[in-house]
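Structures given as structure tokens follow.
Shared between the two complexes below is chain A, which pairs with chain B and chain C, respectively.
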Partner chain A sequence: MSARYGLDRAIARVAPVLIVALVAAVPLLTDDRYLFKVLTFVGLNVIVVTGLALLFGYAGQISLGHAAFFGIGAYSVGYLTATRALPWLAAVAIGVALASVVGLLLSLPMLRLKGHYLAMATLAFSEILGVFFVEASAITGGNDGLRGIPFPSVGPFKIATPGASYLLVWGVAIIVVVLASNLVRTRPGRALRAVHGTELGAQACGIDTGRLRVQVFTLSAGLAGLAGALYAGVVGFVSPTTFSLEFSVLLVAMVVLGGTGSITGPVVACVALTLLPYIDALVPGLPRDAVAFLQDWEADISGIVMIGVLLFAPGGVAGMLRRSRRAGDAS
Partner chain B sequence: MNTQFKMVVAVLAALLIAVTGVGCSGSGSGESTGDVAEPYRIGAVVSLTGTYAGLGTPEKNAIEMEMKRLNDAGGVNGRQVEVIFEDDATDPAKAQAAVARLIEQEDVIAIIGATGTGQTMALRDDIDRAAIPQVSMAGGSVITAEFDELVFQTPWPNRTVVPFTLRQLKERGLTNVAVISDTGGYGKDGHDIIVAQAAAAGVKIIADETFNPGDTDMMAQLTKIKSASPDVVLMWNAGKEAAIVAKNLKQLGMDVPLVGSPGNGRREFIEGAADAAEGFQFAAGKILVPEAYGVDTPAYDVATAFISDYTKAYDVAPDIFAGHAYDAFLVVTDALSRIEGDATPAALRDAIEQTSGLVGIGGTFTYGPQDHNGLTEADLVFYRVEGNEWVLAK
Partner chain C sequence: MTMLSVRGLSKSFGGLTAVDNVSFDVHEGMIKALIGPNGAGKSTLFNLLTGFECPDAGTVTFLGQPMVALKPFKVVRAGIARTFQNTQVFGEMSVIENVLVGMHTQLATGFAAGALRLPATRKADRMAVERAGRLLRLVGAEEFADAPGADIPHGVRRLVEIARALAAAPKLLLLDEPAAGLNNAETQALAASLRRIQADGTTILIVEHDMGLVMEISDEIVVLDRGRKIAEGSPKLIQKDPAVIEAYLGEEVPDA
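Now for the complex of A and B:
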């Protein structure tokens, strides 16, 4: 047990440095604008999945509504910067705050719910927001979406190229992942795991489980809002279909695939699943038919992989990493 | 500890190799575009799934057929033409992602598309950033009304079709009009023009209802319309929901004519609405009944040749959407053939704008610096569905 923690600490010390080096190295190695765009999407999903890993992977609280929080962030920045001409940074702050507040308000009545009921409540929330995004057309542009969202800018400094967007999103993603990794190693992280194990037991240990559940849900919603806020500026276009239930399910699938009680696992799964439909960006020269097949069957492949993981490797990516570590220790 | 370190190093190495691999091959594909024998690459964003699948599929068919015919005949300027298709699933967000891919990765010199108005507008930021010409196959006025020097359009826009349709209603004495439109790009665009033009056309709007793309029942809206007792129900949309409106209208026992938009000139509407489609009227171009062009005119010859080729290839007669796609492909390849020197996106845009007297399916195209639509009311006729076929409405 102590060996494992020692190893975790070693990994934790080395991994951030390696990841930062790798992320920073990509612009030096390529100038493929499409690759930057794809990697930017990966980075955005990493931010959402990190929040969802805290909520689902640690605290055991499911949410099928994270696409909606993502949408709140995206529409806030889209509306405030394109229509209201607010500075980008202020719009992002408002978008994140709004997503967090909605998350907080939603989590209060949901304290009474667990398991399937919680899933149903978040699902209903996602559907309500979906209708709102379409109907509130004065703000959201309705079905046709919101166009002409300006690039992110801070003062005179404008982030207008795919390479710069990539660095912005990954810079934020790395900060989020590092903070989340620190969080789970400290007292709140242990409390979250306790809630996941047995809520009653956690209460007996003196953890205010209700408060903790509200906090983690708010944080997780805020992170989804942050990713959405970045998405709006980077992509420049927001439309309601992006924030569908399908996206929420895919996000949960990433966390399931990644394994519970881990940040690394879900992040690895997120990178893999997000890259799947864009495989042609990484492997140039792939026949177009093969790429089209992967894109058409993306949801099915994700589903089959998820079933496979549940049947044969219930621990997900994190479980496999742990197992290989233990095997390494034994030798 | 040691094992751990080895593993981390191995992973890092693998990632770096992967990234460098991408970098190398990325620059490799960039070099090859300079080759003279390379085909012209044109991107096409069409809706092959979703509510506009019935529009996008004939569009893709028409372009593929014409591409093959052109390439078999030697291509353009001795170079082959390659069209790369992307499905936008009738989703503006997917359309935007698709065009980004076509521009960034496929290095296309022009975009044909999208099928829908909302999808077409969703491409604009990327089109502007990349400065490549776009020829849309959607009929929303907004596409050319929000003028962009890079964007052209092949169908008759709503600002042409709506006044024509309203005049037809007035001539038939159908002046109390109930409007039902969808909230997507094309429906909303048509709706706004109907409301703006109604008074000038001498008709009165006595009910105004909307539905969302993807809705499966319009009973509530039609019940409200029924209580207003209109002379005619004017429906403006292009999606598959049109058949549901026709069926719901019949189920409510409403005995008023249903008039639609060019977007309803599709087989799926007649098949979906079955006997509820009988008597349905709409304005569109002349392709559905080619005699309307006037026998022995160049337009008639172009249309009948296209109808015969298309019917031979796909066992079904082309509809107006196949025609829009034929026209879009024709506009781009005709412009390419007129370019002297390098076929850059900028040169292609200029050449498209100089298109003059080009006989297509939707009509005869003449673009200009202020006119990126090229068609007029003279290219429209009024149709009626009789016995599951389109006939000219008298």
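Now for the complex of A and C:
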């Protein structure tokens, strides 16, 4: 058993280095603009999904409103940089802060809600914000959205190429994943899992469960806002359709598929599900029909995968890994 | 010295009076038992003492501080930790992680420090793991340290909850039927653990149906029947008390 744990630990040590090396190696291997764009989207989703994994996978709190927090971050940066000509970094900070504050304010009245009711409340919030994005056209540009959002820049450095955008987004994504992986191994992470396990037990351990739930919701909303804030500058264009309920559901599907109580699982699932409709960017020889099919049926495929996971492998990817490890220990 | 002082505590649910004007004291350093037939109000009383229920009337004073209407987590911070009759073990976490959660009030790591996992955080966690191991040995559950909470036998869950409660370094430990589901040998081991916990300076208030255990370890006993306190005193006195014998449907309380 100890040899096995030693191996596990070695893998746990080496894997992050390999992933960072792989992410950093992509610009050396290719200069395909389309591929960079696709991978940038993957990185943005990884940031949101990491936050949602903390909220849903660890604390057991569902949110169907994360697309809206993403939208708050994106519109903040779009409006502040394009219309108000604020420096990009300041706009990002404001976007993240705004998404966090909205998350905080939303989580307070939702403290009494659980399960389906929480899902409904976050869904309603998402719909309200969806209407706001369309109707507050002086800020959001209405249905047309905001165009001509400047590239991210810090002082004289401008991040204007797809390759640079890719590195920016993945740099942030890796930092977020590392911080979240640290977090779940320490006191606050254990408390999140405890609240999910049994709230009575968590309270008996001296955990202020209400405060903890507000904290994790705020953090999770802030991370979605961060991804949105990066999105605006990288894509240069923001419109209401991006922040739909469909996106929120897809994010939840990624966490479900990835498994509860894990950061790695949801990140892997996020990479897989985000790449699915863009499979042609990765596998060049694929027939057009097959790609078109995947793109048309993307939402259905995600839905079926989610139902399949819930029915047959409720632990998701992470659960299957844990089971195989346990089976390995037993043998 | 009086550690916990309960005065005129009452709680009813609808028409049912679960706890009816109950008063008693727990002195520092003792093991006090709370016994009574099923439905006597013992668990409700525990919930009232730990902030899980709010009493209709009465006061609870712990080390001079009023406890009533405090939320459960504040009760733990004040120095009272508990276990549950229906165990509340975190099933998805390993046994040792369960005990680590019990150290929530003893560790300081917040979200930022946890995310950065600074050397100080790692060191605190390493020491916490060591201490959790010691607590599991103290209750006799060390062999299950790495097992998921959901996979351990029922009797062991109670022991894990004791270790988890001790992890909060309480001055007063409230145990709700810790011996349920344990066999004779395990119950003897539990009795020894409880004595050690007492010797380490933790005061214990215990609800228990195993009269052998109660008579053996407690310094004082409170007997509840239908929400009321019907007797209080040393184990010897309680065994001879006519009201107590009556409450247990004429059965004589078994000798220790």
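Simple rule for what comes next: the second predicted complex is superposed on the first by the 314 of 331 C-alpha atoms of A that agree within 3 Å, B and C clash if a C-alpha of one lies under 4 Å from a C-alpha of the other, contacts with A are read in each partner's own complex, and residues count from 1 in each chain.
FYI, a residue touches a chain if its C-beta (ideal position, glycine included) is under 8 Å from a C-beta of that chain, and two chains touch if they have at least 3 such contacts.
Predicted, not measured: the structure shown is a model, and the values here were computed from it.
> Which touches a greater number of chain A residues, chain B or chain C?
Between chain B and chain C, B touches the greater number of residues in chain A.
> Could you say whether A:I72 touches chain B, chain C, both of them, or neither, answering first, second, both or neither?
A:I72 contacts neither chain B nor chain C.
> In the overlay, answer first, second, both or neither for which of chain B and chain C A:T209 touches.
A:T209: touches chain C, not chain B.
> Once chain A of both complexes is superposed, is A:L179 in touch with chain B (first), chain C (second), both, or neither?
Only chain C; A:L179 stays clear of chain B.
> In the superposed arrangement, which partner chain does A:V268 touch: chain B (first), chain C (second), both, or neither?
neither
> Please work out whether A:T198 is in contact with chain B alone, chain C alone, both, or neither, and reply first, second, both or neither.
The answer is second: A:T198 touches chain C but not chain B.
> Who does A:G189 touch here: chain B (first), chain C (second), both, or neither?
In the superposition, A:G189 contacts chain C only.
> So, A:V134: does it touch chain B (first), chain C (second), both, or neither?
First partner only.
> Applying the document's contact rule, which stretches of chain C touch chain A when the two form their complex?
Touching chain A: residues 50, 52, 71-73, 76-77, 81-84, 88-93, 97, 100-105, 107-111, 113-117, 121, 125, 149, 164-165, 167-168 of chain C.
> Enumerate the contact residues on chain A facing chain B in the complex.
The contact residues of chain A facing chain B are 6-7, 10-11, 14-15, 18, 22, 25-26, 29-35, 37, 134, 137, 142-145, 147-148, 162, 235-239, 241-242, 280-282, 284-285, 288, 324-325, 328, 331.
> Note which residues of chain B are touching chain A in the complex, please.
Contact set of chain B toward chain A: 1, 3-5, 7-8, 12, 15-16, 18-20, 22-23, 25-29, 84, 91-94, 96, 100-101, 104-105, 117-118, 121-122, 124-126, 183-185, 188, 212-213.
> State the interface residues of chain A toward chain C in the complex, per the touch definition above.
179-180, 182-183, 185-191, 193-194, 196-198, 200-209, 215, 219, 260-261
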